[in-house]
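Both complexes shown next keep chain A, but they swap its partner, so chain B is in the first and chain C is in the second.
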Partner chain A sequence: MTRTCAKSLSLLFIWLLSCSSPSPDSAVRVRLAQDPESLHPLSYGNANALQIFNLVYQSLLTVDLKDNSVQPLLAAGLPQVRRDDSLAYFTYTIRPEARWDNGSPITAADVAFSLKLLHSPLLDNERWRAQYHFIKDIQVNKENPTSFTIVCSGYTPEMKLMSGDFFVFPAYQFDPKGTLAAVSYSLIRQKFDSLSQTSTFKEFAAFLNNPSIATDTATIKGSGPYQFISWNAGQAVMLDRKKTWWADKVATNKKTLIANPSRIVFQIIPDNAAAVLALKARQVDLMDNLPLVTFQEMKKDPAYTQHFNFYSPLSYDLVYMGMNGTNPLLKDKVTRQALAHLVNVPQVIKTIQGGLATPTVGLIHPKEKEFYHGSLPPFGFDPEKAKTLLKQAGWQESSSGWERNANGRTQRLELELLHRAGNSEFESFALLFQQNAKAIKIPVTLRALESSQISERLKARNYDLFLRTLVSTPLSYNLVPILHTSNAAEGGSNITGFGTPNTDQLLEKIAQEERTQEKAALLKQLQEKMQEESNFVFLYFMQNKLAISKQIDSVVVSSLKPGYDLLRFTKRK
Partner chain B sequence: MTLPQVSLRVLKFFFTLWFTVSCVFLVSRLLPSVNNPRGLADADSTVYGTSNQNTLQKITSDYLTRTGYNRPLFYFSFQLKGLETAENIKPMAEATRWLSAAVLRHGVVPSQAFYKEWQNWKKTAPPEKVNQLQEHLQRWAGAELNEEISSLKKMISRFLQTTSSDENSLSKTWGKLISQNAPLSYHLPLLRWHGKDNVYHAWLSGLLQGDLGTSTVDYKPVYQKIGSALHVSVGLGLLGLLPALLASYLLGFAFTLHPTSVYTSVLRHFLYFLDSVPGFMITLVVFGIYFLAGGSLLVPFSSGEPDLLQTMGTPPVLLGGLCIAFFIIPHLTLQFYHSLQTQSRSLYTRTAMAKGLSYRRSLRVHALPNALVPILTLLSEVVIGLVSGVLIVEITFSLQGIGSLLVKSILSNDYPVVVGITLFLLVFRLAVTTFTDFLYLVLDPRNQSNT
Partner chain C sequence: MEKPKTPSPLAWKEKLAFLWLVLFTCAAGLSQVWISLGYDVQAVPEEAYRPPFRLMQHLLGTDQLGRDVLLYLIHGCRTSWLLAFPPMALATLVGILSGTIAATLGNNGLKISLGKLFLSGLLLLALFYFYPLFQWSTRQWSGAFQFAVYIGCALMISYPLVKVSQKSFFKWGNKKVTIPVDEGLQKIIGIWATFPKLLLLLILTLFTPFSILTLMFWICATYWVLPARVSRGMVLQLQKESYYETAQALGIPFKRVFTHFMWPQLKGPLLTNFCFAASGLLGIGSTLAYLGIGLPADVPSWGKMLANARFSLEAWWLIAFPSVVLLASIFSLQVIGHKFSSQAKA
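What follows is the complex of A and B.
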């Protein structure tokens, strides 16, 4: 009774809401699910903070969300590459027009400062230290202050992007005393421990690890097209386009130097239901990751289709089930293959994702036609085959389940599946898998855990099966960290224990290969091997679910994060 | 109350406080994510381009040194004697686990000999053999059942015989190792004293000096974060509580005065209905009506910290207050009504009316004070609940109250804030209950005559 009342009430309101008037101004309003929490250049909180940072700060290179190509941003052009035995040199020149807000030019010194910041002791920069570990040194050209060379250890083709993919911060603002300018980049990396004892670095750290740097929007000024107007913690962030932005004067190579909206407001609405209400009342112009049911209903309803366009672009977020190859139960690949035959991918996509997901045989997106192994048949759901495979692996079916003798001890095939608590998609998949396994008498226990607990168990290799999302990218195929056996021991990123000497060689070759055809052949081999080994059972690539107001012209949606290109939007009044 | 009684009570209060907060702190330190740098091990997103294992280990250990978390957690800890002996060998990171197992099972001398031999062998042996042996040894170290241990022992022996055929020294030292047994005393737990240089001591002495630490997310002092969240929670609570109190008082009184009226019956049924509607439904309906009435999401942007009145004037807080009033009115009204009704049926009310007072006046003068006493307990619970945050309201209207701050801090592993909020809520709860007890004492003359 209460339920019906509540439902009919809410339906009434939703109907009435669709008649209400939109927000009148020219600001583009975007819904964020989470507060940026911190705007500190090193320890910023989350993906939302990064999205906002991309409007305020700039890196040397960027990826054009329209066609996923690497484009120069602060740099005048793509880097010139030179290689010798163990090092690679990437030479950049900064655009001559580039200026900070105080009018001073952006120079190689700022780039060097930003790199030093990522590696200085006593700062919250651990994840950047890991990510930019490959940058060995930076050499500034003495004759031209805007030209410099970044020296990287080893060479992989993705370094053409990664060597220029960090924010360039104004040195005059974050290091007014010039502490970092006095020490060279290579010295900071070599003398990390002893520098952390010096008083100058302690003072610098105290200056930087300060709430005003993390929260004071008045002091956060970058070379990007937008400046902070206000940040009401937990409610809204407002940014205005700079009246005079240096890039307005640039004449050449302007493809990525666009900033159309005069004002951008990020509305922070953590609750999905409240956000949908706000969207329906046209208080926000853009909402992503809409709940599936809402997305489908709104798409059909003319009351909403007259105001909104709906998009479901592909994304590179890959959902997979991992198996612990170091676990005695799952050590041989035949057992793993058997379990892979218990996953019914088409059913999962239909029931959990409403058809809005792309099935895949490997970790390459089917959209990447030249690299994706299209002729490799997926395993498919086949419990009988699974049984045959289990018998082949030495398991014997008994009345209570599957058993086999190993090292004088009877092993029973009982598994535990870890997934993140609160993720309803993972929960539903886990239940489906549990049912399928139960049908052939494999007991699977489901365990919903908090994400850091999962990380810890995966790190210690103390698990059987897990569900996870892999954020992949079409720009990099350096899979050594997550698939090479040298990273398989505790603490390394190869958590499933995947790999044979053969696949190791394959991975090393892929990381080095630049020619598309050869790379494609190698990647296809890898996809075959990965299916054979079955440490990973790939389920699907997710699709984003976006609603964007029809007031906005020149909409660009993308498969890369954040899923749309705000800078190209123009809003009609 | 006498002085010893008071001091005993104060002592109890501080003991409870210390014990609970220490437990929260120690438990928070035992969570796995605390010992990992932010963003380095996100469970649901593995990004390409992360570094190799050795770099990650080095960075994590630098992080622990920087934050001081590499120190022991408490003043003392227990450790098996054998494990301590194994630690004294100071093995390489990859050998730590199996070497500890070896020492614990077979004694320190042969283990050390095998470890030395293994180090030599590792320099020349092919890498895949090293990896295989490493894997066998790790499994042997991790095995728990006796038969599994012995079968793995045999397997390693066989592996070593086939691998190092020309120089059998590794195989020999292994044979020697497994033929011996460790002394039983290795399994005795030893108390290790760490002294003042531990994480708990540093935290407690900070706390005693009034330093709750700083947030790991934006470096703000914890008290400042709690302060601004409290601001919102108090504003929200006042806006909800005051109208609710007034409404409950008037409604409860009216119901008792006119028990047979149609309005009473309709209103009471409506209150029962309101009580059964889930909170999120109420908030969403209020939010929807607000949009319908042409309300806008855009809150006037403020500079600096707003004062309490300013906070209470913003639409989200006003709406939230309204929702909270809807949450508590049914419960409060019905309880008050029930309590007043019971009093009105008692003999003293009848006496008062017999002496010539009107029903209304007898209720107000004689029944009301008695009816209010049980409501006090209810009210103290409501106040405590409001300050700890009404999460549904805070999330729906994007308000940064205590509730959402707590949730946010837990999700972003900001443990200083979590511990700080726990401490604050504890003190607040104890203060409110003590105050309520005191009020009982003042309001109810029977209590005074007892003591």
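What follows is the complex of A and C.
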């Protein structure tokens, strides 16, 4: 009897497995590697949450993933720019057709509310306050409620996008009592501390900090084409296209107002291997960042090529090894240069990335030909040169390793390399680097940590070496936050301690410079300096590895995040 | 007079199991020798994914980094051996000690003066409090050496202090309190045993940096419960036997009673438990490595090879060989466990 039951259960299990068939509906199913964490308008969790927010909310401007150009979204056109000595003025007009879900027009008051939200006290908006610190004021046109001017301190070319690159939230929904409408933007910034003591702001903050704001389908509503339907943590996030979306009535300048899929389902599958199985069973239509070997095998296999198209677009995700310039062992640049000579970049690209990566000498993508320093030769893999440099830095080779005397104390060159746990590519690189270092008697300990633990160690400057991905963009070359010495103190975002007075000047000039030729010359100087300092060992710019179902037409893949334009997709049944 | 029992002859599968375990242990030993000579498994990325049985230098093929699979498996033997046998042996020893002490002392057997208890508590607190300071002042020493020196010094200082405390200056210090050792151990075992072992290890390993030594420590801390329970039960049962009462009446020391009368009875169940627990540990060690928890990237492990094999189904040898080695080791320990179990029952 027991045996019969066991056999029946096994047969049932096998039958259930064989029944898993491709999803027949018209929804576009996209694999996400992790939950969005939070869908709170101010403290949304991660890049996945941002991807979902881009479907629900809209900003004044956007970047067209087809050609990487800045385009108006909620705004009727690009801003008119006016400059005086210390201020820049960006004047926008909102599209007259733009409406919230309740039918009310989107006005300058909503933009002002959104900006105030980014600077209000008692809210989790610290990173936005820092990012939009340059916006000094917003002047609403009294005659035209859809027109307004954003006043910025100083001027950098990036402001053309940044001044319109924040989500516009419906004031009627997030501030029904009009708390922020009663206080001007400049006053909120000036009286930040005293306002935090007032009962009205406390009440407003309590309302907005309510956890339900981050998950409630009734509150996550914006002017975007999709409405948030459900989020089952660890399983799926579902969005449906609005039946009546204001942009459907727009007749002109519709380039960025496209929303083809009737339903989008983000399938949350953290494990890569499980996600690959779901892709192979055609239960998801799109998967990005496929593991290299899977990508290569699927591309060769007719069983998959008949159902999927494969893409490997360039990306601006730069993989690098960072060195702690504040660490006594790595304080002098010659030691850092020696370690840089132990990285075999061509080998890593060929074997770990299967050739699907672009080597680089600096932070600039080689695709950006005018800014990339093509004539700067990269450090090659040369253990002998590394030994010579170590000797030059005062290290002496002994039978057990490298030692030197510093202020009467013996220093031993022993290093720890932090890498993200679970990332097989980083782990492979770390193993190869460890092997190369061991060959010249430098012991390297590998430490796999969670991303947040690595961030903590980097912030506290408690590390020797680390591996990371830097998501750069061709739209901005303001590198001051990550490279200027003013940000090198503990907790600052210049985590490697890079910088000299000379490089600080360079960075400030680059941030201000608008003329292409001059900017290119400055960026090339910076790339030379960065190689000389060697706080960063640049490995490569990754290429995304995408598989997209052949049921999907009008596919646009992009080098910018998230790597594809979901809104243009149309799915055949 | 009863004839001494002669062990039953080994069946072919038991011989095979013993042979496999000898080979497994030899491979682990060989790997240790190679490591001490600096002969690690080398990554040659240009040689990645070579199939097996084609080249003599890579008889079982290579993995995604061009590491020789045969060599990797041999080094994996060392990791599995270190994670299964030494921690299990230590856990068994801890279990026997705690179980026997609890059964012998019971709930009324340990009486301690309040003064001594108070001083011991204070000393423990002081030791815990001063460790970071000691760690900082001796930061150039290696971690294990630092810890050993600290414990050594602590013992040297605390032993005379506890001795002196017997002559307490306060009246209340001479008052004796009874420590319910048996009940205490039962409670600890009850709590500890409610956690599934894999889950407990998953949680505990996150408290310390990943290394083979720390993982061995956590395994030991997780696996002492069953030997303690078995030892306590057996000792309680044996204490009711007439020979135990006779030995007590004759004034034979407990140590001698334990080694001559109790240990032969305890040996069978403990060895059976050792084999089954060690076979389980081989699986758990590989599972942890598969999940990327507990072991650093540069420690070869069968589980890690299986984890890397998930991405390429074409490289079947990365699944087949570690699976065969892992299953053979687990089954061998199970067969030997059954042998001990049937011997104990006989």
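In this text, the second predicted complex is superposed on the first by the 543 of 573 C-alpha atoms of A that agree within 3 Å, B and C clash if a C-alpha of one lies under 4 Å from a C-alpha of the other, contacts with A are read in each partner's own complex, and residues count from 1 in each chain.
The criterion applied here is as follows: contacts are C-beta pairs under 8 Å (C-beta built on N, C-alpha and C of every residue); 3 or more make two chains touch, one makes a residue touch a chain.
Because the structure is predicted, anything quoted here is derived from the model rather than measured.
Room for both chain B and chain C is found when the two structures are superposed via chain A, with no clash between them. When the two complexes are overlaid on their common chain A, residue A:273 makes contact with chain B and with chain C alike.
Of the two partner chains placed by the overlay, neither chain B nor chain C lies in contact with A:393. When the shared chain is aligned, chain C comes close enough to touch A:421, but chain B does not.
Touched residues of chain A, counted separately for chain B and chain C, are more numerous for B.
By the touch criterion defined above, A:196 reaches chain B but does not reach chain C.
In the superposition on chain A, A:501 makes contact with chain B only, not with chain C.
Within the superposed three-chain model, A:43 lies in touch with chain B and out of touch with chain C [touch as defined at top]. The superposed model places chain B and chain C at 30 degrees from each other around the C-alpha centre of chain A, with the value given to the nearest 10. With the two structures overlaid on their shared chain A, chain B and chain C come no closer than 6 Å at the level of C-alpha atoms.
The interface of chain A with chain B overlaps its interface with chain C at residues 273. Across the complex, chain A meets chain B through its residues 2, 5-6, 9-10, 13-14, 16-17, 20-21, 23, 29, 35, 37-38, 40, 43, 45-46, 121-122, 124, 126-127, 129-131, 133-134, 158, 162, 192, 196, 209-211, 213-215, 229-230, 232-236, 238, 265, 267-271, 273-274, 277-278, 281, 283-284, 326, 328, 407-409, 420, 423, 451-456, 458-459, 468-473, 476-482, 485-487, 489, 491-493, 501.
Note for the complex: chain B touches chain A at residues 31-33, 36-53, 55-57, 59-60, 62-63, 66, 94, 128, 131, 134-135, 139, 145, 147-148, 150-152, 155, 214, 217-221, 224, 273, 276-278, 280-281, 283-285, 287-289, 291-292, 294, 296-299, 301-303, 316, 395-400, 404, 408, 412-413.
By the touch rule above, chain C contacts chain A in their complex via residues 40, 42-43, 45-46, 48, 64-66, 209-210, 292, 296-298, 308, 310-315. Touching chain C in their complex are the following residues of chain A: 272-273, 276, 291-294, 297, 347-348, 350-352, 419, 421-422, 424, 427-428, 430-432, 434-435, 438, 445-448.
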